[in-house]
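Below you'll find the structures, each written out as structure tokens.
Heads up, the next two complexes both have chain A, just with different partners, chain B and then chain C.
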Partner chain A sequence: MTTLSNAPEAPLASVKDLRVTATTDSGREIEILKGVSFDVHRGEMVALIGESGSGKTTIALSLLAYVREGCHFAGGQVLVDGRDLTKLSESECRKLRGHKVSYVPQSAAASFNPSRKIMDQVIEVAEIHGIFDANTAREKAIKLFRSLSLPNPDTIGERYPHQVSGGQLQRLAAAMALLGDPELVVFDEPTTALDVTTQIEVLRAFKSAIVERGMTGVYVSHDLAVVAQISDRIVVLKDGEVQEAGTTDQIVGAPAHPYTQSLLAAFKPVVPASASDDTSRDRVLETRDVVAGYGVLGPDGRPQVVAVNGVSLTLDRGQSLGVIGESGCGKSTLLRVLSGLLPAASGGLLLDSRELRPQIAQRSKSDLQRMQIVFQLADTALNPAQTIGNIIGRPLTFFKGLKGAEREKRVIELLDMVRMPAQFRHRLPRELSGGQRQRINLARALAAEPEVLLCDEITSALDTVVAAKVLDLLRELQRELHLSYLFVSHDIHTVETLCDRIMVMYAGKCLETFNASDLHQDARHPYTKLLVSSLPTLDPTWLDNLKQDPELVRKFAHA
Partner chain B sequence: MTSASIKPRRKVRFRVKPLAAICLLVVLFWVIVALFAPFFLRYPVGDLVSYDYFGPMSADYWLGTDYLGRDIYSRLVMGARYTIGIAFAGLILAGTIGVVLGLLAAAFGGLFDTLLSRAIDTFVGIPNLLLALVIIAGGGSSIPVLIGAITAIFFPGCYRFTRSMAVNVNALDFISAARARGEGHFYIMIHEILPNIVGPILADLGLRFVHIVLLLSGLSFLGLGVQPPYADWGAMVRENIIGISYGAPAVIIPCLALASLALALNLLIDNLPQRIRDHLE
Partner chain C sequence: MTKRTSAMIGERLAVAVLSLFLVSLAVFFITELLPGDTAQELLGQAVTKEAAAILREQLGLDRPAVLRYMDWIFGLFRGDLGFSLVSNRPVSDLISERLPNSLILAAITMAITIPLALGLGIIAAIWRGSIFDRAISSAAIMFVSFPEFMIATLIVMLFSVYLKWLPALSFLPPSASFTTIVLAFIMPVTVLVFSSCSQMIRLTRAAISDAMATPYVELALLKGASRPRLVLRHALPNSVAPIVNSVALSMSGLLGGVIIVETVFNYPGLAKLMVDGVMTRDMPLIQTCSMIFCGFYLLLIMAADIIAILSNPRLRR
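Coming up: the complex of A and B.
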């Protein structure tokens, strides 16, 4: 883990003025990398950080002598141990991969073959390269499992991929990459898809393996806090160009480039909106003991799989309630129940102190109009075959009967409300960026002039800077339109910034509800504390100093 | 940026592969022949115009004569009309029924979907040709019965294809958004689902058309299709089958016509410009 940048020896890997271009269907050339250069010295972990589309994965793959389909190397060199990877033949590439350079993918679940035992897949690389025989490989794999602190290292290899958890599978993918003793390991966002409490375990395992083996590697991520724990040096990328490169301490402590500063700004401690002491509270939404789930209803009136198990909540007008919890805790199901997409099995829903029927078909048009849902993935939430104008205009026609020029006028107003130019109404969703799509998604919900917005992880799929802008917009809209938000997210940071009150969910149950300003207080539920403490900070020593009660972790984290 | 701003024209640029262009020309050629057949005739279709049966190609008889001394060229042109016309009518009927039922099944789902799907599955269980034979045996060999038989045979395929595509689209969030808004099933079917699957459905119908042409020719070859003195391409092959030992154009020409249409349509759909294909997937 020591920086060897002063050492006279040549770097193990060195990317020099690398250019990668892609050819589109219409024959246009797009530059993905516009001349990127950096070095990786032996024993050093270099992080590549940037937003989606910054070219970080393209660089990482180029270190494996690989470009995605439709792309090609247009110039520059990728030198590993003095050999230029851009000029290797296919058979030379095969010899290189897994043996000299190896790869830990973002989604281990998609990278393992579900029909073969884990061990067979982990030791496959040894067979392909003929490095060692199956028995030696197996022993080595078990050693690796142990050093990655996997449970039951002797027998876990006999399981199938679906029999281990996501966090374990990610560590097994790392074991697979490390088996051939590669000189360079490429980590491609290996913890992005994991829950925070799981991420900690995986990061710990990675870090100890890196330190133990003095590993040389490249770590791709969009999360500065994660990278701060793992890497020695950070390279900040945007639009296929290096913005800034430096040691971790320098980038995190004293960033020089404005872009890096804007990335860091997202980590500034937030001042939670203090809950107004308005005593004349107007309750807009209330649920009582809602039970919902999937499958056939049993004789006791409960569904086969219970996803929401007796949740009661209240939401005041003009306020925001954040619902946090990890994947599978039932938070998204709760929203589907409220919107009527999944009728509750039992329990009561109240909107404006009037009972709300569980099924959409039984609700009145005005009830439907008052509460609108915004989905997480704007890619699938907008009909790809309709123009933006039609997407936003439909609720206007449906709820208010607006037509023609009147509707057009209102569509433009709505676009303006989400800070988008009027011309965009003629575009199709695929002609917009992710952040723009999410704004349209929001505009469609606002078109109904709702009182309550149900937001399902609406910033999770967005880049840090873009997400921050969407959150600003949400806050402004709340002030202007006096909206109430029910904001579901797995990201504590986001919820803390936006919401007045926070509800923590675990395994379908509500653990506690409190004012956002009280998040860090001692009286919090142990699980809430675990969630908060699992959130990586920019402090590079955070992971080493982190102490969590192992009993608590075992109880709640599904690593 | 005023409300009066005009909707910009969408520029759609395709890179058309040469093979696709050739195939398109072949298909268009046959469509034009079928549409305007009467204008292209040189002799009345049923008349015996030459004493020379299985005659060779000549200035009088461009594609030779058949086993009774009738003009092959005129019969081929008119045959295009029968072959393409009947197949197209059957395709439209089968396609309409299949697509509408498929969309209904996907949008309503549940028990309705299950019952309809299982009922239609029983149709698929009967071999095509056998079902056609039964229908024609019962209804007689007339053009409306032929079209009816084609519809009965091909609508289950259209139904299954549409339903499987529509079910996939139905699971996406924008459908949930529409349902949460309180939209009815029919709005969702027509405005939300259909525009997203219309491309693949059209491509599928194109391929199905080839199957229909082949089935129809097969029926005519068995003598169950278009009845004499008129003939579609399959019937022409049947009539003149003994001429094959003389190498007469009478039997080869309709085969070539059939092959060119089927091949061109298949290759055309396989080689659609990438832009359209992306839309299909």
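Coming up: the complex of A and C.
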């Protein structure tokens, strides 16, 4: 893990003024990479950091002599061991891939073939390149499984991908990449899809494998804190151009470029909005012992799969309640229950102290109007065939009976409310960026003039800087309109910045509810503490120094 | 096989039996609705009402439809298919003469179509975008758009009428030599292969192309796998379900094709027997033939379902 940038030896990989263009559906050429250059020396881990659209994955794939369909190399060189990968023939590319350079994909869950056993896929590299025979490969794989601290290393390969967890699959994908003893390993956001507590296990396994082998690699990520733990040098990218490159300590400690500084700003400690006492304790939403889930109801009145198991919560007017927990804890199901999309099996829902019917179809128009939901993925929540004006106008007609010019006027007001120009009402969702679409999604919910907004991970699919702006907007709207938010997220950081109170969920149950300002207090539930301590920080020694109670991790983390 | 898989397969079987029962109802009562009846058909246009009524009574046609249905369906269970009203022979005799001919025709067609279509579809998917792929795909579209009777008529005109290489009719006398039989089969089989191949090629290629766009195929590519390996080892195992379903669909389409082909070539198969039965309003014959065709169809669909279930490791274990 020593930086060899000053060594006289030639770099193992060298990207020189690389340009990649893509042909859009309309036949237009757009530049994805606009002349990117950086070196990777032997024994060095170089991180590529950037937000979506920065071209980081395109660069990573170019190191495997691969561009995705519709893209092509338009200039520059990708040198690995002195050979230019942009000029290789199809069969030379095949010889390089998996053998000399290997790849750890973003979502191992999607990257394992569902119909083949794990072992067959892990040792396929040896079979393709004829490196060693099946038995040697199998032994080697089992050794790798062991060194990546996978459970049951001798037998885990005999399972099918759906029979192991996401964190395990991610480590199995790393074993697959390491099997052929590649000279260069490309990691493409390998922990992004994992829960924080799982991420730590995987990062630890990766780091020890990297150190043990003196691995040379490229690590792609959008998360500076993760990268700080793994890499020797960091290259910061934006819109297909290098903004800044330097050692990890320099980038994290003393960033020179304003863009790097804006990325780091997201890690500044938050000053939680102190639970304001000026609002009268006016309860707007309440649930009592809600049980809900999926499948047929059993004789005891409980569903086959219980996702929400007796949750009681209260939300005061003008306040925000953050619900945090990891995937599968039931937080999104809770929102579906509140919205009436999934009727609760038992328990009570109160809106403004009045009983709310469990099923959306039985609720009155005014109940529907008073509580609106904002979905996680604006891309799928907005009808692609409708203009923005229609999307926002529909609830106006439905709830308020607005038509024609009156409706148009209100649409413009709502667009203004989410800080979007009025002429956007003529556009289609696909003509907007991800952050803009999320604003429209919000405006659509606001059109009903609700009292309560149910927000389901609404910033999770957005880049840090964009997400921060959406959060600012939420805060302003709350002040202006006196809204109450129920904000579901897996990201403690986001919840802490936005919410007055925080509820922690685990396995369908509410573990505790507390004021956001008390998040770091010692009296917190052990699981809350585990979640907080699992959040990577910018300190490059954080992972090495992190001490977590192994008992606790075993109990709560599902790696 | 797990309990869950067996349960799923059991469910498919139950559904198939239920469908067969519903079909028997539909077949019986729809044939009831056909204008005219056997008595009139047998005695000709100039018959008196009295004569027709007597014949109806003799044939048992004056009894209520529900009773006749019960007779028929319980007969089917006992293996008694009833008597043909026209030839006055047991329906089972008529069918046992013709069914083997139809089965031979279908079997030869399937034996050629399935490997040919799957092979071409897979090769087109492996070399997607190549000239070969484009040639296959456009030819497939062309043959899908031609109706069978048109292909049949065209090749009869070409090979029998102009070139005089092949017999226009596929009548098989018991004494026919091997060459005569082969020659008689060439044209009907060709027509059926053409008409059922195209859809299967297109669906196979499409199913594999879908699987080729998945992250696990991209990862295999990044491990250095060749195109044939990507298709055969990674995409194909995950396309089994859509492919077997397309095979089943095409093969059931073959049944419709058989009716046309047997009629055009005057081939002595089951379909021809059924068409003749419709001409003469020979209800027991039509009903039994319909049930055989329907059973064949259900068998295909069920086999496809079961193969699809067994090909999915999530359901298998």
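Note that the second predicted complex is superposed on the first by the 556 of 559 C-alpha atoms of A that agree within 3 Å, B and C clash if a C-alpha of one lies under 4 Å from a C-alpha of the other, contacts with A are read in each partner's own complex, and residues count from 1 in each chain.
Going forward, a residue touches a chain if its C-beta (ideal position, glycine included) is under 8 Å from a C-beta of that chain, and two chains touch if they have at least 3 such contacts.
None of the values given here were measured: they were computed from a predicted structure.
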| item | value |
| --- | --- |
| First (chain B), second (chain C), both or neither touched by A:Ser262 | neither |
| First, second, both or neither for A:Ala110, with chain B first and chain C second | second |
| Contacts of A:Gln362 with chain B and chain C, given as first, second, both or neither | neither |
| Which of chain B and chain C A:Thr155 touches, first, second, both or neither | neither |
| Partner chain(s) touched by A:His99 [first = chain B, second = chain C, both, neither] | second |
| Which superposed partner A:Ala405 touches (first chain B, second chain C, both, neither) | first |
| Contacts of A:Leu377 with chain B and chain C, given as first, second, both or neither | first |
| Which superposed partner A:Ser339 touches (first chain B, second chain C, both, neither) | first |
| Set of chain A residues, in rising order, touched by both chain B and chain C | none |
| Residues on chain B engaged by chain A in the complex (per definition of touch) | 1-3, 5, 7-8, 13, 15, 172-174, 176-183, 191-192, 195-196, 274-275, 278 |
| Of all residues in chain A, those that touch chain C in their complex | 61, 64, 66, 94-99, 102-103, 105, 107, 110-116, 124-125, 128-129, 160, 162-163, 173, 176 |
| In the complex with chain A, residue positions of chain C that touch it | 214-216, 218-226, 229, 233-234, 237-238, 311-314, 317 |
| Parts of chain A lying in touch with chain B, wherever the complex brings them together | 25-27, 339-341, 360, 363, 365, 368, 372-373, 375-377, 380-386, 394-395, 398-399, 405, 408-409, 412, 421-423, 426, 444, 448 |
